[in-house]
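In the two complexes below, subunit A is the common chain; its partner is subunit B in one and subunit C in the other.
And now, the complex of A and B:
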């Protein structure tokens, strides 16, 4: 029996495992390219310190990868266990990019990660550099295919419903690959990963500089992180804006909810910096606007209007009413495949089939839906405003804080006096967790904002779940939270241990702690190859 | 003993990583098996059509 509790628990389980998984992902995405920059510098200059930098930051990269790998598998399993009807309904489309990701990108990434760690003595420096490049490309390609799958959930192109097989079927693979929402999400997400890794390197380098140890190593790492981080922070904001534009085209509902925009405003709409959204009365109790900004972001135009929540609801009401025709015609077609009138009725209304299915939450026979049921379904089409409004603003505020931090870091790097700027070093150190918070908030905006759909406009969430008992999900949820928490604690303990040890953990005899001991290597450091 | 291992497991660190991954996969599979085994659904066209027609009454198989 499907219940609200079952749907909510299934959503919670997916959200929790996805948010845990994404604690590991952004560092892998970004650190791989920082390793490429460091190793390129090494192969060009032939200075051993750059090789040490690649090996030390590569060690932290390796810990993150080893702990993070497999956490994504849980989500792929869940499509089958918790979202079986979703998998059947759209699996032919959604499964394709996931399979390509596994076969092409993940295998590429994993193979070259092995060569990266164990190939130092077997490959010459150019070949090893190429391995690092391929590892970085592989990890980013992985993200591309996953985000193509996710982009399709937000903006389903290149597919249509077949009443013969009773599921969505792919009609155009390339429009799924080049889905503008997926492309914008990809570049925005990987840029966020680059910011995360840059701040990670910048913060830990700042720690060494504040402690006055491994100065040459930390200074060079700091400069690379400052340059790469500034470019990444800039691109994450610009590409986030691009993401906002594509959201405006295909998911006006999400945009209106993010902005707590209840009424359709004259073009160009103003951006709400701060507001107290009152969802019951559908208005903001207090609001502070910047004129024109939202209209420019959302439409790239001074004359195009952006619909408010009330207008979207009225549009959705029409679509739900049209969707009733689609569902009714589909049920007739199911009984009589040759019913020409039913087929014609279905073809005329099939674009709104998903909206008709929203009523299934309230009635078995949607043709008998009451005005109250239709109103409930209309209300369901708008996600809760306040969580989206605040998540988005906090994410954007953090994005600008990163730009400011990297701007200062780059400016003082160019001037050459960043070591004297203790406030900057402390800021970088204490800001290390912030990109993870921003990235998680970004996923909340993207996924919570898609509700009540698993596939926007096509498949409602309440129809997508498997028939399980809440006990199944409580048990597995507790298991995953417990297991992932252990992984996270192990990751943090290892990261902290090696970050504190610093480049001395390489056992080269040149760094802090080793030199003080007269060049003797610390115990256990010799055999450690990465 | 190490001579009997395949080349990619000769390095001690490689063995540790391989073991960690196997343990992690085993735990994940065990959690799924413990809570979802026997809950499979019929995903033929008729079953899915039934589901679309009447989501809240669909039986557990």
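And now, the complex of A and C:
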């Protein structure tokens, strides 16, 4: 029996494991390319300090990567363990990008990361550089394929339902790959990763600069991070997810919820900077509204209208009513495959099958759904507005703060006097956690905003789960939270230890804390003490 | 390629991926199993760990990709098995958590307690998954209690503890012994001195053990457990619908394929011969040949389980007609074709660059080397 408790727990477990996993992914995506830039500088200039930079930042990369792998294994298997019906219903489409991700991206990334760490003495510098490039390409390709899979959940095209196999089946692979929603997501997500990594390097370099140590090393790292970070922060905003929000109904629904746009406005719609969304009365209290802006961002046109929540609900009501016909006909067809009347009725209404399935949350026999149940299902089709409205605004505000920070960092890098700008260095240091917050908020906007669907318009979240007992999920959820929290603490301890130790952790004898003068600690002494 | 052929090809390809997993991830998991016993001090243990340091992550992708490929090619198997074996899957996952962090974090802090904790973590990460996968195979041979409703939503009525029945546990031991042999043979190639002598002993013991238990399990399958037979007419090219067939439980049915296709006997024979060869080559100090032999043994043992059950993949003891087969648990024609294309393009590339990575890093890992490169190795 798929109880609400089971569904909520399954969702909670997925959210927890995905959010944990996404603590490690953005840094991997971005730091890999920063390592590429540093190593390219090394192979061109032949200056050992750049090699030390690759090795030191690579060490931190490795500490982060280990947990990315650990938490990533869960994601690959959780669809099967906890979302069995989802896996069956859309595995024909969703499984393919996951398998290709393994074949094309994970193998590449994981094979070359080994050579990245251990191949320094066995490869000439150009070969080692190639290894680093392939590792970076591999990690970013994996983001591409998982976002193609995720993009399909938001905007399912290139697939059709079959009543014989009782599932969605792929009809056009390339339209799934070139799904505009997936492409927009990919660019946005990897850019966010680049921002995360840039700020990580910028902030830790600032720490050394503030302490007045390893200046040469920190200065060069700071400059690279400032340049890469500025370009990425620009891209994350300009190529933001919003460019995809006009495509497909799911994105329109999400957009309306994010913007707390209850009514359809004449084009181009205004942008609500601030409001207190009132869900019961479906209106905003105290809205601060800028005319035209949203329509321009969302549709890139002056004439296209964007539907408001009330209009979307009315459309969905019709689809749910039509969906009842689809579910009823499908159930007859499943009993008698050659029932021609049922087949005709199904073919006529199958576009709304998913909407009919929304009623399964309230009744086993959808054909007997009461008007109250239909009303509940209609209300379900809009995700809760307030969390989306605020998550989105916080994320965007952070995005602009990053742009500003990197703008200053780049400006003073070019002028060459950033070391004197203590306020900038402190800002960079204390801002290190912010990209993670922005990234997690972005995940919430994208996935919470997709509710009540796992596959928009096709498969409701409610029937996607595995038929387990809530007790099972309580147990596994506790296990995941326990394991991940311990591992996260261990990771943070190591990360802090090595970040504090700085390039001296390489044991080259050239860096702060290693030079045996004035009672400084010998190499390795810090490690010994812990 | 027609649908029927594609279904058969994918049955083979899933097998290939599982065998790839056993050979590649198997040797570093086997390393983990042996680590606390054949490494007597920190330097020795670090030497052992560093034989797989550059490779374990790539090897683990065999596991991830096998999972992804089962999702893509056999979605019903992925859904039904993973949700049914819920706690077994959780245990395997959680055991695997110890590997990435065990490898990467172990030597980053010098405290002996810290290091020995992660050594045992690597042991768990190496020993638990093979046992669980073996137990899972054992239960597949016995049949698993699940059924589908009209929506093809599965209900599983068994519990975790029921998975741990005597036959399945025996299958778990076969798997563990096989993986440990594989790990020992790999370590023979990459270590020297005292460590080499210890892993060689382990290789001999575990290969003989694998032969004995695998034989015992074979006798058990032939005489002690019931197999499954499809009793309706099967159209292998039809749209997949598991509920369209009828299935019966019959004693000795898992031997039918061997009487019907006598050449199928070569699969278990190859497993035994390869294990015997592993013993022989270990005795002759031919580490490389021993490793290739135990690799063939992995293929033979996994292949034997697959061939015995064919075309069944996941028989249902609760409702035999819900059983999943290589014909009716599969993806659409388009998806299978597409995934075959992707495999044909990428698999040779993967084999090529993996081989290159091993070639670059090849050689004996000595304790002297570890001591001299304290900061840059695991």
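Annotations
By definition in this document, the second predicted complex is superposed on the first by the 505 of 530 C-alpha atoms of A that agree within 3 Å, B and C clash if a C-alpha of one lies under 4 Å from a C-alpha of the other, contacts with A are read in each partner's own complex, and residues count from 1 in each chain.
One rule holds in what follows: a residue touches a chain if its C-beta (ideal position, glycine included) is under 8 Å from a C-beta of that chain, and two chains touch if they have at least 3 such contacts.
Because the structure is predicted, anything quoted here is derived from the model rather than measured.
In this overlay on subunit A, subunit B clashes with subunit C.
Touch criterion not met for A:50: it reaches neither subunit B nor subunit C. Of the two partner chains, subunit C is the only one touched by A:169; subunit B is not. Of the two partner chains placed by superposition, subunit B and subunit C are both touched by A:334. By the touch criterion stated above, A:88 is placed in contact with subunit B and with subunit C alike.
Looking at the shared chain after the overlay, A:364 reaches subunit B, while subunit C stays out of its contact range. Once the two complexes are overlaid on the shared chain, A:472 sits against subunit B and subunit C alike. Once the two complexes are laid over each other on the shared chain, residue contacts for A:112 go to subunit C alone; subunit B is not touched.
Looking at the superposition, the partner that touches the larger set of subunit A residues, subunit B or subunit C, turns out to be C.
Residue contacts after overlaying the shared chain place A:70 against subunit B and subunit C alike.
By the touch criterion defined above, A:505 lies against subunit C but remains apart from subunit B after alignment on the C-alpha atoms of chain A. Among 62-70, 134-142, 188-196 or 224-232, the region of subunit C with C-alpha atoms clashing against subunit B is 188-196. Note: residues 66-67, 69-70, 73-74, 77, 81-82, 84-85, 87-88, 114, 117-118, 164-167, 331, 334, 463, 466-468, 472, 475-476, 479, 483, 487, 527-528, 530 of subunit A belong to the subunit B contact set and to the subunit C contact set alike, using the contact criterion stated above. Looking at the complex, you find that subunit B touches subunit A at residues 8, 11-14, 17, 20-21, 24-25, 27-28, 31-32, 34-36, 39-41, 43, 45-46, 48-49, 51-61. Residues of subunit A touching subunit B in their complex: 1-2, 66-67, 69-70, 73-74, 77, 81-82, 84-85, 87-89, 114, 117-118, 164-167, 327, 330-331, 334, 357, 360-361, 364, 462-463, 466-469, 472-473, 475-476, 479-480, 483, 487, 527-530.
Listed in rising order, the residues of subunit A touching subunit C in the complex are 62-63, 65-67, 69-70, 72-74, 76-77, 79-82, 84-88, 91-96, 98-104, 106-108, 110-115, 117-120, 122-123, 162, 164-167, 169-171, 173, 331, 334-335, 463, 466-468, 472, 475-476, 479, 483, 487, 490-491, 494, 497-498, 505-507, 524, 527-528, 530.
Within the complex formed with subunit A, the residues of subunit C that make contact are 50, 53-58, 60-61, 63-65, 67-69, 71-73, 75-76, 78-83, 86-87, 89-90, 93-94, 96-97, 99-101, 103-105, 108-111, 150-156, 239-241, 331-332, 334-335, 338-339, 342-343, 346-347, 350, 353-354, 357, 360-361, 374-377.
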